[in-house]
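Heads up, there are several structures right after this.
The same chain A turns up in both complexes below, where it pairs with chain B and then with chain C.
Right, the complex of A and B next:
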């Protein structure tokens, strides 16, 4: 088992899949906190549905890794050391039940996940490609829905605009770290392998396409390669809090099934 | 010796009787069944397509299919595989399935309708299943299940559901 985990964590392609799976697992988890609390009924359902999608996308990707490296997907989701999770802090930072922060987090993330899935769908592995194409189509719905909120709110009241801008400022440092890559991928001697700059450029252009129609501002740059964060297993305290909460049932009753 | 095509026929007939847990439609009419095979004479391998990756009914459908097929006298065991290629789309829903859904207030896009990756917020391309009016609008792109959206008809003031059609 440990060997299988080590093999996976030393496989460059697997790491690219794993970081997206981990992001989606934690985003789906933290986003589920909003179920029952959405500002309007439709948003409550939408928010919960997107959380459901994110958790299932994580599962689809863990199942792919699990079948490739012979690891139970539940073990991948729940039983790694904290330093073996590659999610970035954006998906675990508490939003303090400020709906503007929750919206901005999801909006930043959806615009990131779509081009990542596009990249993974170019791999020479039909199983991975088929999975990612399916997830990509579902991600498009998130983007379109979240863009719509951004446009509606940014053309709304002054309070809405101030709150969105505050949320953007609050989430920006963590959003930037979406583009951090595990050190071993950065160090690999294949210049185009990481796709980091392409991803960042695509994310910038698709988010700015919406922002340019509003008065909202962002100032997010590609992180330098010396900064180490979640993608290298270096997590903030709120990551541990989320992981502990997520693992609670698993720890109390290992192997429990519905 | 039992003829293999007879076994396949009885499997298909059994599958037609399995209703989707969340829609008034059999899994065959919904287009979930991609392939049925017999392995070593008495093991059925049923290949299904998920509507959405996050559909919580997948396990239930797996159980329903396994139980129903294993009840067939010619079959000893049944395995259900879910695959993503080909992708399920609403185009796979049969005419009978469409009619049954519509009778329950759920509309399905016609093949030539625009795709809904970009959700139209104000257009009224979908006729109301109750009064046939085109004065409808999207109320929410997320509905009671992952594969449905909520529309509202201004003419008869009813809400109805519409199956999402994605470009996969």
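Right, the complex of A and C next:
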């Protein structure tokens, strides 16, 4: 297992898949916690569906990696060392059950995940390409749905605008770290990673297109190549808290079937 | 739902138009459905509203104990399954609130009445779920009991509620299967998993037997709730059917049926084997010790282990979401379905 894990963690393409899978896992994990507590029953149901999509996307990507490296997808999801997770802090920062923060997080992330899936779909691996195409179709629905909510809420009350702007400001530092350069995969000559700036520009363009129809503003810049965060396995305390909670039951009886 | 005193009993049908009342009762006797636009006695409308609202409240409160375990589910598939299951419960609540809205009460008023304790929800959700084993038991025992109850409600007479029951029951069948699979997995697992499952079973067997409500009063079949087919089976017959189905299943799985004493937190402090829980070979029915009805009424009155916690969380959710509902209601774009 350790050898298989090491092989995966030293494989450039696998790491790019793992990065997105980990983001999806923790985004789905943290958003699923809203199930039953949403502000409107219909939106509770919708946001839970999207959380399930994100968890399913993580599963689909872990299954891909699992089949390549002979690792159980649940082991990938639950049993790595904290430093082996490559998710960014955006997907684990607590939203304090503030719907504005939860919405902004998902909206920032969906606009990032779509072009990343497009990049992964360029890989020379038909299995991965097919998986990414399926995920991309759902991601488009997320973007459309979340864009709609951004516009609805920001054209609603003054309080909503203030809450959304506060949430944007709160999430911005973590959002820019979506584009953190992973230290383990510094080979920027690879076509799959050439596009960091293009990815950031595409994300900025698509988010600003929506923001331009509202009174909301962002000021997010691409992080330097030397900054180290979740993409390098350097996680905030809230990541450890989320991982510990996720593992609470599984760790009680290691190796047991659940 | 069982457990709620029904105001239908307090409204005098003699005040109704007797010709219309006779026609209404004939339709029910003929097995026809009463639809939203049809004439109905006020006692029937109020009773059905009370029943659907209580059921809706139970669905969204019932989402809370399981919802607290989504983030701790021990595998990706369990996590997905539990999230979908809790989401289903919210969806059931949404459908039942729509039925209730059509009977004349705005949704926001219903949610406020729930948060303030003016209306109730099912008693069983006032018990604690301290382990993953409790989640398995809720899906197996409580959803199993709910299916038994709701299958009979689907034979009722109010069309919108009956159709909603049919839809809900299809999903509940998946929940039950999921629960059965979880219990089977745990009881086939390690020593500590089996111990955890037995402890959870001890916590949930009593509330499951109480699920169908208190003993029926004499003559209940001739009173409006059953005469008008708002409900179609007595509490006691449903309870017996539940025990007949689940007592042997539990024993087959290696579980022991106990009579338990619990503390104020709902945790078992002492237990002994329920010697009455054996099959009567002549009747085919299983015996059981009558549950502690003092506990039942104590919990209904708001003094159960988790009443305050459940309501506080529901209230927190309602208050946290107020700005979203306000923004949508005052926005310039089209509205989502009314809050």
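In this text, the second predicted complex is superposed on the first by the 246 of 258 C-alpha atoms of A that agree within 3 Å, B and C clash if a C-alpha of one lies under 4 Å from a C-alpha of the other, contacts with A are read in each partner's own complex, and residues count from 1 in each chain.
Here, a contact is a pair of C-beta atoms (placed from the backbone, for glycine too) under 8 Å apart; a residue touches a chain by one contact, two chains touch by 3 or more.
Quantities reported herein were computed from a predicted structural model and do not represent experimental measurements.
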Taking the superposition on A as described, I'd like to know which of chain B and chain C A:60 touches: first, second, both or neither. first
Check whether A:172 is in contact with chain B, with chain C, with both or with neither, and answer first, second, both or neither. neither
Can you tell me whether chain B or chain C touches more residues on chain A? C
In the overlaid three-chain picture, which partner chain does A:144 touch, first (chain B) or second (chain C), both, or neither? first
Of the partners chain B and chain C, which touch A:52 in the superposed model: first, second, both, neither? both
Which partner does A:130 contact after superposing on A: first (chain B), second (chain C), both, neither? first
Determine, under the contact definition given at the top, whether A:39 touches first (chain B), second (chain C), both, or neither. second
Per the contact definition in the header, classify A:250: touching chain B only (first), chain C only (second), both, or neither. second
Partner chain(s) touched by A:157 [first = chain B, second = chain C, both, neither]: second
Identify the partner contact of A:74: answer first if only chain B is touched, second if only chain C is, both if each is, neither if none is. second
Following superposition on chain A, which residues of chain A contact chain B and also contact chain C? 42, 45, 49, 52, 55-56, 59
Taking the touch rule as given, give the residues of chain B at its contact with chain A in the complex, in rising order. 52-56, 83-85, 87, 116-119, 121, 139-144, 146, 150, 164, 166-168
Of all residues in chain C, which touch chain A in the complex? 60, 63-64, 67, 70-80, 83-84, 86-87, 89-91, 93-94, 97, 132, 185-186, 188-190, 192-193, 313, 316-317, 320-333, 336-337, 339
What residues of chain A sit close enough to touch chain B in their complex? 42, 45-46, 49-50, 52-53, 55-57, 59-60, 126, 130-131, 133-135, 137-138, 140-141, 144-145, 148
Per the touch rule, the chain A residues reaching chain C in their complex are 29-30, 32-33, 35-45, 48-49, 51-52, 55-56, 58-59, 62, 73-74, 77-78, 97-99, 151-153, 155-157, 159-160, 163, 242, 245-246, 248-250, 252-253, 256-258
